[in-house]
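Shared between the two complexes below is chain A, which pairs with chain B and chain C, respectively.
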Partner chain A sequence: MFVTKSISAEHKDLIHDVAYDFHGRRMATCSSDQSVQVWDIGEDSEWHCTANWRTHSGSVWRVTWAHPEFGQVLATCSFDRTAAVWEEVVGESNPNHRGQNHWVKRTQLVDSRTSVTDVKFAPKHLGRNNIILRIELCVVDIAVRLQNEISCKMNCSCISWNPSRVHPAMISVGSDDPSTTGGGKVQVYEYSDGNRKWNKVETLMTVTEAVHDVAFAPNLGRSYHLLAVASKDVRIIMLKPLRRAQSTVGQHSGVTRFEVRQPAQFDEHNSQVWRVNWNITGTILASSGDDGCVRLWKANYLDNWKCIGVLKADGTHHGPGHSGRSHSSHVVGTSATSGASSSSSGAAAGNSSQSSTRVRFTVSPVTDIRVDQKYSVFF
Partner chain B sequence: MSGLFGSEWETLGSAAIRKPKTQLSFTTSMGRTMHIELETPANTLSICRDASQVVIAGRTLFKIFCIEDEEFVERANLRVGKKNLNYSSVDVVWHPNDDNVLASAATNSAVITWNLGKASGFKQDHVFNDHRRTVNKVCFHPRDDMLLSGSQDGLMKIFDLRKKEATITFNGQSESVRDVQFMQFQYFSFAAAFENGNIQLWDIRRADKFYQQFTAHNGPAFSLDGHPEERQWLATAGRDKSIKIWDLQFKPVLMHTVQTIAPVTRVKWRPQRKFHISSCSLVIDHTINVWDIRRPYIPFATFEEHKDVATGVVWRHDPHIFLSASKDCTLYQHVFRDAKRPGDKANPVGVDINIFGDVCHAASDNLGGGSHNRGTTASYSSTKVPSFFRKNPEPEEQTRAVCSNVYVFTNKQSRFSDWFCLSAMKYKLSDRPFGELCDHNAQVAENFGRHQICQSWKMLKLLSAPDVSSSTSATFFAIPTTSDKEDKAVTGTEVPLMRNESRTDTNMGDSTGLTSENEESETSDVEHDRAMTSLASNIASHSVFFGDGEDDLLDMYRYDYSGNETTEDWHLPTEAFQPRHEIRDRSPSPDQLQQVRPESPSSCNDSETLSIHNQFLSIPTSDNINPMPMSAVISTSLQPWQFKQIIRDMLHFYAEQGDVQMTVSALIVLGDRIRNLIDETTQELWFMSYIELLCRFQLWVVATEIIKLSNHHAVGALNQASTTIHTNCNKCNKSLITSGWVCNRCQSITNTCSICHHVVKGLYVWCQGCSHGGHLHHIEEWLKSSSWCPAGCGHKCEYS
Partner chain C sequence: MADYEREDVRHGVVPDIAGSKFGLASQWGLGNQVLVHAGVRRPKQDESSDLTTPPSIHIVKWDIDMHNPVTRKLVNESHNVFISLQSHNPEQADTVRKPQLVKFSRHYRSVQRACVLELQLKGDAAEDEEKRQIYYAQCQVFSMIELIWSLCEILFVEVLPGGVILNQLLDWVSWHFTQGDELATAVMSSSSPHTHESYWPAIYIYVLQGRIDDARKLLSIHPDRQRDVNDLYGMTDELLRKMPMFTVVGRQSVAEFDMKWRHWQDQCQQCLEDGLFDSHNNLSIICRILAGDNRVFSELKDLTQSWYQMLVAKLLYNNPTIKTFDIHYHAQECIDDYGGNSHLSTLDNILLSALEFDIHQVIRESSAHLNNWWFVAHLTDLLYHCGQLESHNLNFGSNLREFLLLEYATSLMSHESLWQIGMDYLDHCPEVGRHYLELYIERIPIQTERKALKVLRACEKRGMELQAHSICKEMGMKALQNDRLGTALSWCIRSKDRAFATFLSEKFLSEYSSRGGFSNLDLIDNLGPAMLLSDRLTFLGKYREFHKMYEHGEFREAANLLLSLLSAKLAPQKFWLTLLTDALPLLECDQVVFSSHQTYDLMHCLEEITLSFQSTQYLDKDDKQRTQGQREADQEKIDLLRLALARNLSRAILHEGTEIEGI
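Take a look at the complex of A and B:
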């Protein structure tokens, strides 16, 4: 079971994002109070704040770690229309923060004309060749270059890199445009080496509500991609690349086609879902919403996604029985046994009541009519 | 002076009566967001007493509009007649009590009053030419016929509108005046903002010196605004991107700081909302923000209609409607219900899972179940926050502040990382016979309670271990599927070779191998009886491969590995009569194949291998020695095909399940049995994924082993890349620039052993201090007796 620990972060306003580093031993939080805090797990397995510094002149929406191969590097993005990359400097003493590590701003991206809503480092394997990067980290001077730009023609709120190594570089972009008529709110782009640009390969037309977060699951050798979407509900989208026709000789000439399925959709949060995150193997999805809960989801061996735990904001947690409704698109018999579940942690999922009725999500009217604007994502 | 004020005391009374009326008159008005295009950029705007008309002015613009419910209607254009610099206004202000009187500040240093009551089109009333430079700001006294001006020349003047002359001049003895404003609740006071960031408070009865001065901003202070209700509150804004709220009661105390993203040119309190203030920016930010000063980080509301920076904001005495002028040549009326609320878009939660399955959750304490305001108070009592937070925030203030609580849910039970890491370390993937590896790994899985994995290992052993019966051993070499040509290419070339060696002198090979190759003693730990023959071939293969294998580390590993593979293939019990077939089968081209293999294992000719298979297949039929009937051959030759499909499906299954550890481990253990059934990219994906997982858990040793065992060129390349060791030449002590072991400077090979003076192939160990070194075992021996460098350079070597 989970052991809950409260951390007294000295942020003076909302914390918008938390991010663990690659090895799970450091954590960064960013807040509207314009600062970022870095936490390290100590010998006593407690989290200690080792750095706290002001990063932007506006709310810091997101913080993300780079692959440790590039050093201890963080990227932040902010309401002040900039994104910045920070590197931890070891050995330099900072008189202002005694005992605290020193983070130096390595670069700042000032190209955006609106609030920068998300920043993500490209997967490591893309980080070394200088073609397809969101933010390219040169080994020598950690310079960041503006590489590429996609005009999404929508209000982008979040992006996610596909971490898969063998597939062409792929990102998914979500929009938090509140109008529900604008069509699909999640777009998937793929980089084409052939003509050196990003092609839109898919628009998820089923997602029409404002999207707050998207997350590709770690691929780990799967033949398909799993994309979690946080909107008014949690959705899990499966993108299975269809084999290219043999006739296309050049490997990168064609655009990959996908078979798109939606294995799961949950509205247990009963409110806006703000964040989705996968575990390391892409088998458990954590979602967090306005109800103040973290809900953990896992698929059983029949690809039937179930809630396996609810973690409350006040530090308590419940087992899956707490909310047994599952809104999977699959109709599954109740003879599910957990024996085939590959991970013992998920074995408990089987005993929740399995009503497999599919609940349709009703669209609630949006009161505010806001001026639609054209945004673009900067690369 | 005394006469001046005496007369004004009378008007004060009437103004005080009139004032509430103006506020009442518009509380019921409901406007809508609307705009009108102007010809030129606007610098400033002002509304009349009842907020029904607006005057807007700019460099080449001076107009009055009536504000209707649905639109702006132009009422007058004050720029009539000859072009005149007096028309070019920096600031304009409507008389607070007289709808017919306007005052404007011009770029040419003039202060002009306008009388709209004039019958003619020319409304200009009087021009004061008292300032020497551009006048930045004019301000009427709220209750009296006094006009205050602040100019670039650093002076502030009070004009008496009845006398039509400048009656008092104030010299700030500072820099240019950017803003002046009468204090609403103190009849004789006004405040002025200066270009050097200072704020001065003046009493108009004392023209010689300000009564208060403080530095409010770093860089120019652009704007100030007294709070409409709180008598002592003053808001200031400056180029340092901040809006500051001061309490002037005794001495100025900074109460709140709002940090914005751009220099702030104008601030204006929102009427009837104690904590709200609107602002517009000098550059960058085209929006008009309304801030709640208690939450100084996110604008309470933003209005994004303008395409260029807004230059002026004026509220229509109503907290929901205001007007703004902008450089984009528009005049807008904004309605609060059309505002964007960035605070709503700001997500109140953050969540992440780390590799151990711990969940970190940061959530706003306003959210469901968040009854903890402990975090709020904690943050305010923190010593880091400015002093104003420490001085007992009002209860209302406290409730407004939003804070997040951070919880870490540590996963204590059935952690993925536990079994993953331990399994990764405990799995045995090579150096043992196949069946043993499977058994061992099954046991490892069993110990972690992962029964499915355990079963899979056991079934793997059953399905592909060829020692189930003699018949399957035969079929292993006689698989007639077209899909595993490469498999046969490798096994077909190596196995006959091994057999050849071990067959020629069956037990002699064993004994000599064991005695001569002591370094292979760990292999002799394997004490399966039936593995004796395989042991022989194992040792034989090791000796063979070590003999010629010193050229490249990776190649050596590959040989090593393939040698083990053949071991596993070969340790099956065989019938005494079978060798004959082998010898005959092998005859086509074992030597030729062996020459080909090291360069490119898969380059074997398909037809050639196929022919081998045909011969394999033909053996049982042509030879009576083999006891198996024809039907048995057919059945056994089909079975492995099915098994391989099943095994392949199993690998894919685990991969899809996210258990790439099982997939990769099984793939390595199975080796060439299954390799050719799975395409290269998929294998690479699996390997890479597993290696990355191992790296995340910092299991570098296991990761390296996987790379080593992968037998996949792209994966294997990982070990050859991304690690750089900088070395010095051990002769001239200059750093080696080129890769390899030749020093550019002294043109000699640097990796000779300091003890035996031979070039070291394989493991080379050297001292970081003096760059001398040699064979690992030589150096080890040397260091037992001496700690000085064996090369005699006098360095006390350190090998850590």
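Take a look at the complex of A and C:
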């Protein structure tokens, strides 16, 4: 039995992302109205909006919290081609709101040439070199820049950090390139401390459709990593590191090899899947699709993955024709850009930048991810 | 066989109009809750979102049955039973163990009973109709749970030797189905009981449930009994009185009892065949029950209410010595009387599976349909301790137990005051419980320092250092954010975070430089060995020590300490000038405090500072912050120091010279 409590947000447009903080006592929302709101649970156990400010000059796609060890810090990314990091400070410098907390922009990454579609903080154990208050930030963007960038050779839409403490830093990257001939759409990179580089360790060749979200599950002491992929369907991929001795000798000797299996694949959404999200223990996966449903997936004690719940929007005010239309418009949208060239990483990238990126991609189909390690927030 | 094939998919509706157009996105919270909002699909550039209402966020929770005040009591009390069950010794001999396990099972049941009663009361007292329905619905669920639990107790926990089970089943039925008593009370309170419409039904129920004494009592009040020409009442009473009862404690063997039983039932049948009761329909029905006439049970099916009550009644009069494992062969007939398998409810199915000894099916059905992890988790755990999970060939027994305990614990973790109980359950999940704990414990919301200490204690108890450190760091960060340096430092020391300690020490030092004094003196004075966490913190502690010595007039010790801080390079270079300035009064002391050797060292430090002032690094980095005035002030200090050092040197050399002469 599901019990639902609804809160009316004060956004003026569609909400694109909502993020709980680490303890689930605060949440942040971001919207097409270019603003971010922060909500807190009050004494009355109700949610109150405690901050609402304009963050970008375009739709804000994602919002995410840093681990509270780093303070109250948010990162946002937007259609305006930037990503920003925000910190909450206690009533300094603003005489009108003395004593009241407010959010200050600590940094802005403005080197992207198109919409920045995803932003994720690294797991806190990767806070390197004991330099405090450093937050690693991984931003998907299309620009070619700086050290520690990853050349994906595909346009990326989403990223996920592997939260495992025992494994070297690892991320997976998904591409929403609609062409199905381009090979695997999910790549896995591992950071090598030895040569201080990100190495590609795996490409999931089985996923050839556009990917809109990837998510590593919390490890839970498993001997393998679980990666959820949102594509035409929901997939759960198992990456089991093979012992180093078994890996090929030579230049790859420092790189982990994986045994890749796919324990589950669900097409119940019957349409494009947009988002995948693990619960805290990495045991239940929530997926969102174009069918308007959130579906919950869980493995039973025999490790069989099954749907355990479906949440559906109350669509009584919209006939099936309405949702059908939005479906088809989506299909048209993607097929128009399919072909030899690829679309930009952001599905909603502006027309002008779209055409220019497309040309660029035809010449050199390279997308880069910047993993900015030297970045830090100073107080 | 162990496949969750069935439809245990739960469906929920989120009241969001935009959700059907833009799709629902979800974000997990702590435990069983997700945030849901419309807008997972990005609109195309030319597509307007044309929202008519402001967008909404929906918090969707599930498995929160245990979160209301009544069931929370159940959670607390059953937690105690669970913990003592876990610590009970499996090594003991079976004869000692079994009564103990039965006791645990009874404990659980009494907790359930209390919960059902309270839910009933709350439901009756509720003013708001919606709340009342919720209480009643829960009450119904827990009544069902009680019924299933006590049957499972009979079948799997309190297994009697010989496998003769009927008496327990009779107790089970009469404990849970009190319709007979209710009718009897109604009858007795009427002015003429024997004409009351429920008079005979009450007697039938008593007989069907094997409560012969109650039946006889009720029968004896019938006035016809006195003026009974044929003594039909007396004969019925005699038959009832003579009915043999099998008792385990009695010395009789099953065969002996069987003989007696057959003899007695022959008598009953004889009476029927002789047509003794033909004139009296009601007494005839009683006799037919006693004789085990199959048709009469069907006729009375409204009184037995359910197939399982009928089953017990039938067994009593047809097969009183039936063995546990044979019961389910007789179930089908009774089920057919109540409309066949297609009419079975969830509860019926669970009970049937129990009678078929399919523990796994019982657990599966219960977890899917009762919407309550409390029951399955505790029952499975109890059965596991009874060794029932292995003996029934569920080789994944311990996994199943853990799986269910994890589910239950998860449903507790999302409640702000049940997390401690949830953690105790996770402690008893050998495979992944620890990992769950690690993930949850860090995320427990910490609103107050008291709660932080509570969570930290829980971490310490379980040896979770990493998590404890993380919590301390977070607390330290929070304190820093609120500008409470002292609190931040003490949390930082607990978290053993070297980098953070360095950062905070810097803050203290810069506070000193700007204000000329330290705050939180008691904390810095009592750093002790914690000071070794970071070099900067050590310096802070030692520097404060220097101040104390100076205040107490221990000039020589103070001077030694100051010099060692400088020469061991413990002090950050930008702080050297401050340290040297601190040395000024010592240099100007009446006594000679610094020896010539020490003075050379100080001079050396001073030279290094002047050199670094001219270095490009210094000019590049600090110049921007340093105003012209500050630089002049620094220069002035350096000049003063030079003079003081030179004077001290001369005094020291003189002093040392006279000392040598003195020797």
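Keep this in mind: the second predicted complex is superposed on the first by the 275 of 379 C-alpha atoms of A that agree within 3 Å, B and C clash if a C-alpha of one lies under 4 Å from a C-alpha of the other, contacts with A are read in each partner's own complex, and residues count from 1 in each chain.
The rule is simple: contacts are C-beta pairs under 8 Å (C-beta built on N, C-alpha and C of every residue); 3 or more make two chains touch, one makes a residue touch a chain.
All of these numbers come straight from a predicted model, not from anything done at the bench.
By the touch criterion defined above, A:Ile15 reaches both chain B and chain C.
In the overlay built on the shared chain, the residue A:Ser223 is in contact with chain B alone; chain C does not reach it.
After overlaying the two complexes on the shared chain, residue contacts for A:Asp176 are found with chain B alone; chain C is out of touch.
Contacts of A:Ser164 after superposition on the shared chain: chain B is touched, whereas chain C is not. By the touch criterion defined above, A:Val260 reaches neither chain B nor chain C. Contacts of A:Phe2 after superposition on the shared chain: both chain B and chain C are touched. Of the two partner chains, chain B and chain C are each touched by A:Thr29. Within the superposed three-chain model, A:Ser288 lies in touch with chain B and with chain C [touch as defined at top].
In the overlay built on the shared chain, the residue A:Val310 is in contact with chain C alone; chain B does not reach it. In the superposition on chain A, the residues of chain A contacted by chain B and by chain C overlap at 1-20, 22-25, 27, 29, 31-32, 47, 59, 61, 69, 218-221, 274-275, 277-281, 283-284, 286, 288-294, 301, 311-315, 317. Against chain C, the residues of chain A that register as touching in their complex are 1-20, 22-25, 27, 29, 31-32, 39, 47, 59, 61, 68-72, 88-90, 124, 130-133, 218-221, 272, 274-275, 277-281, 283-284, 286, 288-294, 300-302, 304, 306-315, 317-318, 322-323, 326, 329-330, 333, 346-351, 379. Across the interface of their complex, chain B is touched by residues 1-20, 22-25, 27, 29, 31-34, 47, 57-59, 61, 69, 79-81, 115, 125, 164-166, 176, 212-213, 218-224, 274-275, 277-284, 286-294, 296, 301, 311-315, 317, 339-345, 368-371, 373 of chain A.
Those residues of chain C lying in contact with chain A across their complex are 2-4, 8-31, 33-45, 47, 49, 51, 53-62, 64-65, 371, 396, 399-400, 402-403, 406, 410, 432, 434-436, 439-440, 442-447, 470, 473-474, 477-478, 480-483, 497-500, 502-503.
Every residue of chain B that touches chain A in the complex is listed here, in rising order: 241, 259-261, 284, 295, 297-298, 304-305, 337-338, 340, 342, 345-364, 367-372, 375, 378-380, 382, 384-385, 401-416, 419, 449-453, 652, 654-660, 663, 681-682, 684-686, 688-690, 693, 696-698, 722.
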